[in-house]
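Shared between the two complexes below is chain A, which has chain B as its partner in the first and chain C in the second.
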Partner chain A sequence: MSTNLEIKVEHLTRVEGHGDIVVNMRDGVLEKAQLEIVEAPRYFEAMLKGRSFHEAAIITSRICGICSLGHQITSLKATEQALGLEVSEQTVLLRKLLIHGAALQSNILHAYFLAAPDFLGVGSVFPLVGSHPEVVVRALRMKRLANDIGDVVSGRAVHPITPVPGGFTRIPTEKELLGLKQRLLDDMVPDFLATVDTMEALAGMIPDFTRETEFISLRGDDDYALYDGDICSTDTGRVPDSDYMAMTNEHVVSHSTSKHCKVNRSSYMVGALARWNNNHDKLCDVSLQAAERLGLKPNCHNPYMNTIAQVVEAGHCALDAVAIIDTLLENGLKDEAPNQEPTKFGTGIGATEVPRGILYHEYTYDRKGRIAKANCVIPTGQNLANIDDDMKKLVPEVINESKADITLKLEMLVRAYDPCISCSVHLLDVDFIE
Partner chain B sequence: MANKPRVAIFDFTGCEGCELNQLNFEDQLLDILAHVDIVEWREAMDDRPGEYDIAFVEGSLSTPDCIKRIHDVRRRAKVLVALGSCAVTGGVNAVKNTRPIEEVREEVYGEDKYLFPTLPALPLSAVVKVDYNVRGCPMTQIEFLKVFTSLVMGKTPVEPDYSVCVECKLKENECVYEKGMICLGPVTRAGCEAHCTSVGQYCTGCRGLVSEPNLKGMEEILTAHGLSVDEAWKRLELYNANQLEGVKG
Partner chain C sequence: MDVKVIAVGNSFYGDDGVGAAVLDAIRESDSLPGIELIDIHTDALALLDHLEPGRAHIIVDAAQMGLEPGDVVAFRPDEVKLRIRQDNLSVHGFGLPEAFAMARQIGRMPEKVLIVGVEPARIVIDTGLSDVVAAAVPRVVSIIQAEVDPDGG
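And now, the complex of A and B:
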């Protein structure tokens, strides 16, 4: 048993971006337990200023390679609202299909490549190629298909090309969409069920840790809200997305190049677990059955279960992607050009559920169609305060374990959030709150 | 077969999209692993060993810590390959270099600007010797595999030094200028098989300039099509701020 503990994990591995875990306990008193963000700042604010509306989404997708599709769609929605550009039903359906592809790719990557090695006691996915080849091949097959949705519909999965303000520069063909649908049904659905089997075998190793917190995600009336909806808090219910500033309250803290957020408590959580807690009633039966087998219950306050919520959601994304393709084909694909004739120049907000949680972009355009002001609030930035609060509760609970075990639990905790640190150190706007 | 080459992958200031594209080699990843040992890769694994044969490096250099780390990587690597626009030209990060650095820092961090040291965003080649480039934002998997197989086979990878227009013409695409859009293809280095212009988008110049860009010629095409030369320069700056520094005069 130790009453003095010092942990410093520099440049934490198997997460996107650069962060350090720092814990200090002296004479049984916890002095520090936090995730320090050391990612080099990127200055996106400086890049966006004065840029044409054609460039906004091209630039913001470069905030992060992993989340590029999410930034792109959110950016397009903000630009379209600011410029009064209406989009067609086909455009919305194609974007929803892209969001499912990106969520599948990201959730699968996280569960198999970044999180699973912890449960199997290895340092990366590579040793699993030898020990569990069929699992690795399955993961790669799922990721390939998810990426192919991006390649087919948006020209390229990482930094998509064809989604532009007002629509798409290229519409996928019927044959391409039918090909995706067939593979979703033949490969993705069985692979999803096998994934649930694999995760069921590992789920018993998920640390039993609970800390009550606030969960925030989108919520809509019709579907499992990813593309749009109201902002919904488990504490205070629904508000429109125009209230996003009050639902984030970004503020500066000294140990992070990324800002922190809070609403009704000292912290809140966004991401798959927040979506589950707010919207599990909108999931399809396949996902609900998976949740039951994996021990994921409504109103879950164990952050380690975020990985399980990501897996559960993947089943919904696969089946809803099939439904969207059916609707697109029933409606008949139209070779429409993007609507790029602005009807006004003002301010617009985009709010989208991306894999790591709710993402906001807001732009103000001048009369020449150039960006005068920009703000982005990133899911990982919103989760940072919640991660720190979790660590502060977790460390005293596990203090009797070995330093190696405590470190592993802390690393697993941070990885469970699937943090995207490149994103969180985004464009850091001007005002500092004293 | 001789010992497998030891490969390491590093990231500096960037979006990690190029690295993600390596995890996206679903069809080839297992074959790649049969030919090399990946010994260090923070985004995907825990290990941190000593020396390696090939280092693939993503991102630009933009803090004092980056400069220290890249020298360390260079010392430990026999061959160093720059991956993607940020590493090759400084990429989008270099846009900040076009404005006084103090102004940019103040705009972003206010009076706390001295908390977070920054430098102009530099390509790797500004600080250490780079042996090969894989261009693009993100780098394409096809080009990465070309460079990768060349190196594993002990050959020298070759980069094209002609413009994207050449590849675009070979694809028989309608010229982007004819559609009334600005396009940076005439001065941008090929190798992407004109991917963006083939799916209806303009060339954003993400691969950097050819070694002798005919900027005057591009201005003439822009003017002939009634498009704004100033706007084209601004768009060119997005990926080429460092290179244009020398050309503009």
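And now, the complex of A and C:
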């Protein structure tokens, strides 16, 4: 049996974010097992200070290319609560449609481009393009349609512009929505079912690992909570979103420039698995059937299953998007202007389920409608302590395996959370061929 | 010539926003009427949605080329080694090299792709370009104009 082990995976060497897996065991005693974050996207607050309520959502949406929609919606909700801006049912429905598009896109990319290569034992998605081109083309087709939901509803897919405080500056047309509905039914649903087939063939590769965990997500009375709801812990139940500080407890740790979080235990998990554990009773039948086929059961404490929970959720997002379009059209599309007359200047909180978990924005506005104070708690920050706790339990359990296998299991664990630590600069690195 | 101009980069990250600034300059000067302008921001994978075999593409991006800040170089993808640095831990690591590699593999890589790289001076979280990179924007626009209309018509 191996009693000494040292692993250092230096993965993220991009300009803006850097995270390493560091494991150290000496004489059978685990000294260190953690994800070290050297830099993390926590500069929102300083940039927001002094900005007007029109600017807040635009700025936060530009921080990250993939998470932009979630930041934007959460920001709008915080601003509207702080300024007392009521929004219409149509606005809420259109925003829910946007969130479904963003969740679909993110979940599908994660399953196909990050998780599938692990399950197939290849280092990245590139070998899959050669061996399974139809699968990659399917993933890209699903991503494109998910993107197009954003294009139609918000005017632009990656950095939406028409959603503003109080509503939308442009309402999609009936024809556009019907076009989306048709493509969701004709393309997305069959592609989702094919995705379940693909994942079912791979699900046997998911490591068998369980650690009792506190899961935190939104929970509502009516739907599978993504847009709004109470904060719900699997340990202690529901509290209103105004309690978010007590439900995050951000604190500084020495090995990470991103703060860690804890509530009832030393850590908790947010994301698709937390949503599944709290809200599986609200999912549609297609998703529940997918869960059964993929071996995802209620009260699942295997973090690797987060990927499966994302896939299961994607089916719900596709079908609920169709239902939302139907409701919008039944109600009749109204060309309403956004409500931008503040009734107060105070503090507001937005809590939204974005693909990687629950996201909080809190703003305090001064009398001129400018941000005096801002606080954002991102999902990856909330998951970091949980990743460390998982590693500390996992390493002793697999210590007899080869170093390469242990390293792969640790990498897969981190990937299961799809951490967003490198999401801002996309510089091109160029060497000229002499 | 039928050309698509595609900007890549984050305009909230200093000079990484040079692509978006070039698109703005083209729009304001109205120098290339009717040309398709696309900003994919930081989602390099979205390039796969926009690359069309048979059409010509000009991609504008901040590029670390080891040159002086503000230097502008136009090159074809096969003239350079674009380092693939997919970080494996998140899809956020996808960049242009990965998008090109995938486009080639699935047969969507157009023959005509010109990359216009601008060496950045300042990559920090802030809006606005550094002076040297802002000064490079008209040169990028000229390169695009020459590509679209080689006769200078």
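Heads up, the rule we're going with is that the second predicted complex is superposed on the first by the 411 of 434 C-alpha atoms of A that agree within 3 Å, B and C clash if a C-alpha of one lies under 4 Å from a C-alpha of the other, contacts with A are read in each partner's own complex, and residues count from 1 in each chain.
Going forward, contacts are C-beta pairs under 8 Å (C-beta built on N, C-alpha and C of every residue); 3 or more make two chains touch, one makes a residue touch a chain.
Quick caveat, the model's predicted, so the values are computed rather than measured.
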Which of chain B and chain C A:V252 touches, first, second, both or neither: first
Which of chain B and chain C A:R62 touches, first, second, both or neither: both
Partner chain in contact with A:M47 - chain B first, chain C second, else both or neither: both
Partner chain in contact with A:K143 - chain B first, chain C second, else both or neither: both
Chain B versus chain C as contact partner of A:S124, first or second or both or neither: both
A:I161 touches, of chain B and chain C: first, second, both or neither? first
First, second, both or neither for A:T169, with chain B first and chain C second: first
Which of chain B and chain C A:P379 touches, first, second, both or neither: neither
Which of chain B and chain C A:R415 touches, first, second, both or neither: second
Footprint overlap on chain A, comparing chain B with chain C: 11, 13-16, 43, 47, 59, 62-66, 68, 109, 113-114, 123-126, 129, 136-137, 140, 143-144, 147, 157-159, 422, 427-432
Residue ranges of chain A touching chain B (in the complex, touch as defined): 11, 13-17, 40-43, 45-47, 50-52, 55, 58-59, 62-66, 68, 109, 113-114, 123-126, 129, 136-137, 140-141, 143-144, 147, 155-159, 161-162, 164, 168-170, 252, 254, 257, 422, 427-432
Touching residues on chain B, where the partner in the complex is chain A: 12-21, 23-24, 26-27, 29-30, 33, 38, 41-47, 62-63, 65-66, 91-93, 95-96, 99, 104, 107-112, 115-116, 118, 137-138, 195-196, 199-201, 204, 231, 234-235, 238
Of chain A, residues touching chain C in the complex: 11-16, 19, 43, 47, 59, 62-66, 68, 106, 109-110, 113-114, 123-126, 129-130, 133, 136-137, 140, 143-144, 147, 157-159, 411, 414-415, 418-433
Footprint of chain A on chain C - complex, ascending: 8-13, 16, 40-46, 48-49, 61-66, 75, 79-83, 85-98, 101-102, 105-106, 115, 117, 120, 123, 125
